[in-house]
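These are the structures in question, set out in turn.
Okay, so subunit A shows up in both of these, paired with subunit B first and subunit C after.
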Partner chain A sequence: MLSHYTKLWLNFARTSLLIKLEYKTNFLLQMIIEVCWAAVTFFTLEIMFYQTNSLAGWSKGEVFMIYAIYRLMTAIGAILFRKNISNLVILVNTGELDLLLTKPVNIFFMIFNRIISIDRISQVVISFLLFIYASHLTHLVWSLPRILEVLVLTICGVIIRFGFSIIIHSFVFWFQNLENIERLELNLFGTARFPRQAFPQFLQNLFTIVIPIMFTAAIPAEIILGKTGPLLFVSTIILAIISASITYNFFYFALRHYSSASS
Partner chain B sequence: MKHILHKYWVIFTIGWQVAILYREELILWRIIDAIPLLAMIVLWVSVYTSGNQVGNFTLPTLLTYYVMGSLFDSIVSTHFEEEGVREVNQGTMARFFIRPFSYQRHSLMNTLSWRLLTIMLSTIPILFFIFIFYRQLFIIPSPSQLLLLIIMGVLAFCIEFMLSLAIVAGSFFFEQANSFMHLKWILTGIFSGSLLPLSLYPHWMERLSRFLPFQFGFAVPIEIYLGQTTVNQAYWSVLLAFIWVITLFITVNWLWNRSVNKFTAVGN
Partner chain C sequence: MHNWSIFKSFLRISFQDHLTYKNALLIYMFDVFFLPLISLFVWRVVASSSPQLNSQIDSITNYYLLLPLVALYTSAWHGTYLANDIRAGRISSALSKPFSLFTQFFAGNCSSKFVKTFFLLPMVIFSLFLFNLKLTPTLLQISTFIISLGVTAILAFYRDHLIGLLAFWLDDISAINDFFDISEFTFGGRVVPIFIFPPLLKSIAFILPFRYFTVFPLEIITGTLSPTQIFTGLSIQLVWLCLAVYATSMFWKKGVRRYSAFGG
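Showing the complex of A and B:
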């Protein structure tokens, strides 16, 4: 069964790559744009630290570490899920979901894995460059356990963030006009680029407990930089498992409210 | 003349009715768009609480810069290029070539109607910020400042409109012109002063920004509002903005006339 889904995913990846390569100029332009967007934030942080030495007690290198993690999670999510999630609105509104529902494949897998945005790979490269830069500034030494720690935290962060995105997009089964709802996810989770200590206490609580935004960059950076104990590391893993379960179940609950739009 | 005016008034009212139809979504987007602004404000407050001073900005001045700048930006910015690029790619642009009004004028009237509703809805999050930071934010502009702000608003809107139109024109040549849209957003982000006040930039970047058209939608009007510019500097900004409007008008018209000759569409 697993092999069947692996084969299917590889086929999706191959098709996505072929489609992207059909528009070579756009593929290249997309990569350049990704670099430019990263440069804009890099440049903003550089100028900010030109004016101050620390941000809520965080040094320049530490803030860049948060940004590196944020970019890595955003990149992985953008490659694997973002396009699929935003496509859900179109699938529901046009009734194209009918076709997918008839396939002998798990519908959750089918909807959220069909498109692999390989042109976002440049974001991963940018993230690694940012890791190198932040490590250089913070004198962080990389070891195998630390790499594994980053890997686990990244997977957890991606699950939490894009799980939230799937949940808000699932509201399309009730409210049809949900185009660009991904801006909510982008703007909300964009706040995780900054140290949580910079926010007032009530916003810290809101972004940590109510909507776990801070678990997708700021808290992982705290863990990697040794600013907090192992409790938050374990909490992140537990939260990711709970998040995955809620996302999966909520999606199926929402799907039950689907009424086809096609003729 | 009356007939022509009536024609555009009808386009405006249709645009207004469509905008009203999406009023809940517009309110939602206004609130969602306020999140990065809130994050930026929180960050700067944190910087100031640590006892730092940023350039020649006090905390209230900086907060006013972001909040009022965002308000001005939401009034003058245009976003019809995404729809325009789609119209060209899907061939539906063809309908504008057989109608008794051009795509440019239709977009202008449509954009104005959406802007009107945006102005009304933008006041909601902005009033929220003013409510929180009212002690720091409440500055009443003098009549001359107000006049300059209105002039700058009109010029900034024209510049934004021309840039959006240039992107739509570009989509006649390039199938995937969405990249130009991102380019516009990136350039606007850097050179408008919406991310950081231009005076905090390295000297060479500030000088470069001061010659580009992006500053008129954010930095320049707020500097006028905050009284950070001399009268001569304000007049120079108005003149430069006017030169940009003329330059862009000529360039975009030339580009548009060349573009429509490239257009091919099939359909039923």
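Showing the complex of A and C:
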């Protein structure tokens, strides 16, 4: 069964790559634009640290470390899930979901894995460059346990962030027009680019406990930089497991409210 | 008179269209306020450790609180739709009708801003109380703000229309849209107020056109510009507006000729 899904995923990846390579200019242009968008935040942070040496007790290098993690998680999510999640709204509103429901494949897998946005790979490269820059500024030494720690935190962050994204996009089964929801989610999770200490206590609680935004960059950075104990590391893993379970179950609950748009 | 009644009809249709999707408008309200509010929290923390910035904290606060409202009035988004219509050949039917596509999109833009104002106002009022807005503009600032807001709104509309018209020659205009977005986010002051830029970046932002398409009215009302800078800026905006009107008319004529030549 597992190999069946692996084969299917590899087929999706191959098809996505072939489609992207059909439009080579667009592919290259997309990569350049990704670099430019990353430069916008880089530009903002540089101006910020032109004015001050520390942001809520965080040095420039430490804030760039948060940004590197944020970029890496966003990049991985953008390659694997972003396009698929956005497409859910189209699938529901056009009734194309009917066709997918008839396939002998798990519908959750089918909807959220069909498109692999390989052109977003430049974001991963940018993240690694940011990691090098932030490590240089913070004098962070990389070891195998630290790399594994980053890997685990990244996987957990991607699950938490894109799980939340799937949940809010699933509201399309009740409200058809959700055209701004993706931008709202991007802005919401963009908050994790800053240390949580930069916000008033009620917002810190809101973005950590109610909506776990801070677990997608700021808290992982605290863990990697040794600013917090192992408790938050374990909490992140537990939260990711709970988040995955809630996402999966909520999606099926929402799916029960699907009424085809086609005739 | 005839054009005005057509414009009013489009306004009414677009108004009803927008009200159909109230949940999208609610999402819009939170979305448009969220980023400036978060930026404001962060910059207030930065200002607390920077004496130079701390002296400008009221201007920074006013800037971010009014940014969503100014951004709404100075925004345009129809370029992508216009480009899609050109590419799909849908403008053929519009060409035979007794009104211009420009009028149709302009009415849509106006009615959308009108409806969104009602959704934005509660958030504006809430944030004004939350941060205790201290705004004491002079008569000159108020009058030039109103003029500049109108000019910027029209300028932004023309800029978006021009980008849309490029679809007569280009297959994909999304990269150009992205280029303008990125430029306006950085040198247009949509993320960081230009008055707190380092001197070199500030000079670059003053030379580039992007701030005249976005935050120039905001800079006037928050009191960060001298009267000379206000009048110089307004003059530059008017020059850009004349250029945009001329370029739109030229692009449309040449574009339609090209479109007809290909049998669209």
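One rule holds in what follows: the second predicted complex is superposed on the first by the 262 of 263 C-alpha atoms of A that agree within 3 Å, B and C clash if a C-alpha of one lies under 4 Å from a C-alpha of the other, contacts with A are read in each partner's own complex, and residues count from 1 in each chain.
Methods note: a contact is a pair of C-beta atoms (placed from the backbone, for glycine too) under 8 Å apart; a residue touches a chain by one contact, two chains touch by 3 or more.
Model, not experiment: these values are computed from the prediction.
J.: State whether subunit B and subunit C clash or fit side by side on subunit A once the two structures are superposed.
T.: When both complexes are placed onto subunit A, subunit B and subunit C end up clashing with one another.
J.: Who does A:V40 touch here: subunit B (first), subunit C (second), both, or neither?
T.: After superposing on A, A:V40 lies in contact with both subunit B and subunit C.
J.: Once chain A of both complexes is superposed, is A:L29 in touch with subunit B (first), subunit C (second), both, or neither?
T.: Touch status of A:L29: both partners.
J.: I'd like to know which partner A:F194 touches here: subunit B for first, subunit C for second, both or neither.
T.: A:F194 sits against subunit B and subunit C alike.
J.: Return first, second, both or neither, reflecting whether A:F202 touches subunit B, subunit C, both chains, or no partner chain.
T.: A:F202: touches no partner chain.
J.: I'd like to know which partner A:R183 touches here: subunit B for first, subunit C for second, both or neither.
T.: After superposing on A, A:R183 lies in contact with both subunit B and subunit C.
J.: Under the contact rule defined above, give the subunit A residues that sit at the interface with subunit B and also at the interface with subunit C.
T.: Overlap of subunit B and subunit C footprints on subunit A: residues 26, 29, 33, 36-37, 40, 43-44, 47-48, 50-56, 177, 180, 183-184, 187-188, 190-191, 194, 198-200, 203.
J.: Under the touch definition given earlier, write down the residues of subunit A that touch subunit B in their complex.
T.: 23, 25-26, 29-30, 32-33, 36-37, 40, 43-44, 47-48, 50-57, 177, 180, 183-184, 187-188, 190-191, 194, 197-200, 203
J.: Using the touch rule from the top, collect the residues of subunit B that touch subunit A in their complex.
T.: Of all residues in subunit B, those touching subunit A are 22, 25, 29, 32-33, 35-36, 39, 42-43, 46-47, 50, 52, 54-55, 174-176, 178-179, 182-183, 186, 189-190, 195-196, 200-202.
J.: Okay, in this complex, where on subunit A does subunit C touch?
T.: Contact set of subunit A toward subunit C: 26, 29, 33, 36-37, 39-40, 43-44, 47-48, 50-56, 175, 177-181, 183-184, 187-188, 190-191, 194, 198-200, 203.
J.: Could you please specify the touching residues of subunit C with respect to subunit A in the complex?
T.: Touch list, subunit C to subunit A: 21, 23-24, 27-28, 30-31, 34-35, 38, 41-43, 45-47, 49-50, 52-53, 172, 175, 178-179, 182, 185-186, 191-192, 196-198, 201.
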